[in-house]
Amino acid sequence: MSFLQIQDLTVRLRNGPPLLRRVSLGVEAGDVRALVGESGAGKSMIGKAVLGILPRAAEVSEGRILLEGEDLQTLSPKARRQRIGAKVALIPQDPLTALNPSRRVGPQITDRLVDILGWKRPAAEARALELLEEVHIQEPGRVMKAYPHELSGGMRQRVLIASAFAAEPKLIIADEPTTALDVTVQKQILKLIREMQQRHGTALLFVTHDLGVVSKIAQSLTVLYAGKVVEDTAVRSFFAGPSHAYSRALLAATPRYTDPDGSLTPVPDSVVAEVNREIAAFDVTMKEGGQP
Amino acid sequence: MHDARGHVRRLPGLRLWLSGGWLTLLVLAAVFAPLISPHDPLAQDLFAGRLPPFWETGADPAYLLGTDSLGRDVLSRMLYGGRLALIVALVAGTLTCLIGATLGLIAGFYRGWADLAISRLVDIWMAFPPVLFAILLIAVLGTGLMSVIIAIVVIDWTRFARVVRAEAMGQGAMDYVASARVAGRTRFGTALAEILPNVLPTIVALLTLEMGIAVIVEAILSFVNLSISTDQPTWGGMIAEGRSSIYQAWWVLVFPLFALFLTVLSFSQFGEGLKEHFDPVLR
Amino acid sequence: MPIARAFATRLVTTLITLFGVAVIVFVVIRVVPGNPIAMMLPPGATEADIARLQALYGFDKSIPEQFWIWISNVIQGDFGTSITLRQPVFGLVLGRLPATLELSVLALVIAVVLGGAAALTATLYRGTKVEGSVDVAGGVALSLPDFLWGLALILLFGVVWPLFHISGRISPSLGFEFSSLFYLFEALARLRFDVVADLLAHMLMPALALAIPLAAIILQLLKQSLKECMHDDYITLARTKGYSETSIILRDALPNAVLPTLTLIGVQFTFLIGGTVIIERLFSYEGLGNMAIDAVINRDLPLIQGIVLGFALLFTLVNLLVDMTYAALNPRLRHA
């Protein structure tokens, strides 16, 4: 049984078009699954649906989200919050806005432990210091007392990573954690996340639009287009040769450092048209209430 | 009905209808006061003192809303008081708007040391407690309708100046102003033609607000007996009398208070309603 | 240190403003058509008597000269003598200031509690009818000035349900000996809760009247600020940690929302203080505002000047306090 199992998840804008179309994917315990797609494909939406932070305008219209076999949708809001708080964590995209500017950094790492999980403060603080060392922050004591604006973007992302691992979650959802960083820092952070994941054995759902990142960190891969799963496979076989036309085009479009003067190959219109037809057909079956 | 964000919006115009309704009533009452008023507002009848309104026991139906300690008819006094309130609202409100807006326009558009001088003046002005300032001015100018109007203008022009200045400074930087200047308009011509239409919704809302404020200031002044110099009834004056005989004749305080309430509320809601109605962004 | 420098700049602008106020009051009053001196003397006074009294109060000199004399006296702490009350203005003003200050502060506390609670409730229930009703209530509260609220309160709680007193500061029958003029503060400090109750029974109505418009403004500003904060990323992150909506609003959003609201509230508080002039009269409360009205009606020039300066000083002190609080609370400014 996968730790996280999403079945036929459909998310719509209230009385509006679907953002996710019967998405199914699973994340095994300790596994790293990459969730890939272009902007607007709905990758972040999946993570948000699991965490219970969908925007107000969107709602789940179909499907189940099973965490350790338990359907989150059937829980009361409070029970769901607590389940997520204890077992799942988020590494957000933008470190510059994801920390509360009016509070010191230390409490933002320990808060979940103390308020939600009932730890004693000294134990929580000791744990925070340990984690800060794990993410290679010098002078963890000083950083604990600092305010977010006193730290660089890279340091803040490290803090957020440490904070995510604090409660030893079974699953971490990383929502494009390197996108908002400088290129020089991106590599370091990626390496750090992989290191932490391996050390703690946490399952990781890694959302990204960058295929280069996928090869470095993930074992499994789901490709998303317009809210629909287009490919679901092991990373190794994907790079050897993907089965879906869109995935092939995506792979071909990746710029290569070995050929800096080569022109970029965007996804061809024919492929886009084909995928769009697929989606339209799918929508028809969804509307007719047909089970795939 | 729902707007883009799915929130329920009140019926547009409901507040316009309600507030506009009361204000129209007020205007009619004020204009036709001499015709519809059942008694002479100044006529005293000591045998008919402190009669309660018609639905209470011991009332005299000739005096619908009762009488005050000197036997004067409350209803008639309220109608005539409404006249004064309306005159003050219209005249003082408009004057304050004109003077304040002009100064604000000058400061915001021409900037430089016209702006410096006017802004500093506004700051100093706002360090004065408004009511105290009003009373001070009346003490200096003497009582009377003109003095009241002047006092209101002098205290509250800053309200318009600040807002118009801010708008003029913001709008002044816009391209369309620059292009109008290139097309050969004079500086002031540009100011009037280009900036004014955009500031208009805000000014209109402020104008009605100012009218409500004018009514209040007059009421406060007549409460401390510093308003008009004749014995014409004023709502504030009635309230002052009512305050002192509140346990014996509550109606002398309640009715003019109620009228004042409705009038001030209507003015501000009317302005807000108009602004919402005409603001192109909200639409 | 930036705080010290901001403080200094603020001090300078304060002094300029106070000076401007002093000039205006001075000039405005002396444009008086009537002669206050003549009002003080009995009808049979001779020209010589009038002239002597004029010289005593310095009215025979030119306006700039009078101003110079007055300013130099003021700097030395001499604010002149009241014409109607025949006592030093300084003492009179200081005698009434604590009462007005207590009333204003009580009003501020009430306004913050009411407006803050309303804003938090509206944010928690945003998008529902609860928020709509809060907005309507706020709109009405905002449309009506303290004067009208004061009268409404007199009617409601003085006459219809007589729970509170509608005049005075304290019941004379209490017979309590105060050592300072800060009655409320002193009664609290001395733990005399019976006295505190009596004081509050007198002060609650005027304070509430003053507070309602300010509460409405606080409601609007804070609610807007909170709503904006609720879209921030750290709020979303807090949700994933398992915090409830109420917890998030209070713990995360509120501290960030309060800062921008603070400076605006400071300005509005000065308007509240201005309102004490008529509210004190309405409730026969023995404060600075009440004394001011009589001073003006009687054209008591030295007293008027003293009171106006007193108010202006109060305003600028409040602004200063707000700026300093803002600087102290904003983590970014603290460490700059």
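To keep things simple, chains are lettered A, B and C as they appear, and every chain counts its residues starting from 1.
Here is the rule we use: a contact is a pair of C-beta atoms (placed from the backbone, for glycine too) under 8 Å apart; a residue touches a chain by one contact, two chains touch by 3 or more.
What you see is a predicted model; the values in this text were computed from it and never measured.
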Item to check | Distance-maximising chain from subunit B - centres being C-alpha averages | outcome: A
Next on the checklist: Which chain is most central here if centres come from C-alpha coordinates alone?
Outcome noted: C
Checklist entry - Whole-Å distance, subunit A centre to subunit C centre, using C-alpha means? => result 53
Item to check | Distance between the centres, which are taken as Cα means, of subunit B and subunit A, whole angstrom | outcome: 58
Next on the checklist: Measuring centre to centre with CA averages, how many angstrom lie between subunit B and subunit C?
Outcome noted: 23
Checklist entry - Residue numbers in subunit C touching 2 or more other chains? => result 127
Item to check | subunit B residues counted as touching two or more neighbouring chains | outcome: 6
Item to check | Residues of subunit C touching subunit A in the complex | outcome: 127, 232-234, 236-244, 247, 252, 255-256, 259, 331-332, 335
Next on the checklist: Under the stated contact criterion, what part of subunit A meets subunit C in this complex?
Outcome noted: 51-53, 56, 78, 81-82, 84-86, 88-90, 92, 94, 97-103, 111-112, 115-116, 147, 149-150
Item to check | subunit C contact footprint on subunit B (complex, rising order) | outcome: 6-8, 10, 120, 123-124, 126-132, 135-137, 139-140, 142, 212-213, 216, 219-220, 223-224, 226, 239, 243, 246-247, 250, 253-254, 257, 260-261, 264-265, 268-269, 272
Checklist entry - Which residues of subunit C touch subunit B in the complex? => result 13, 16-18, 20-21, 24-25, 28-29, 31-33, 127, 132, 139-140, 142-145, 147-148, 151-152, 154-155, 158-159, 270-271, 273-278, 281-282, 289, 292-293, 296-297, 299, 304, 307-308, 311-312, 315-316
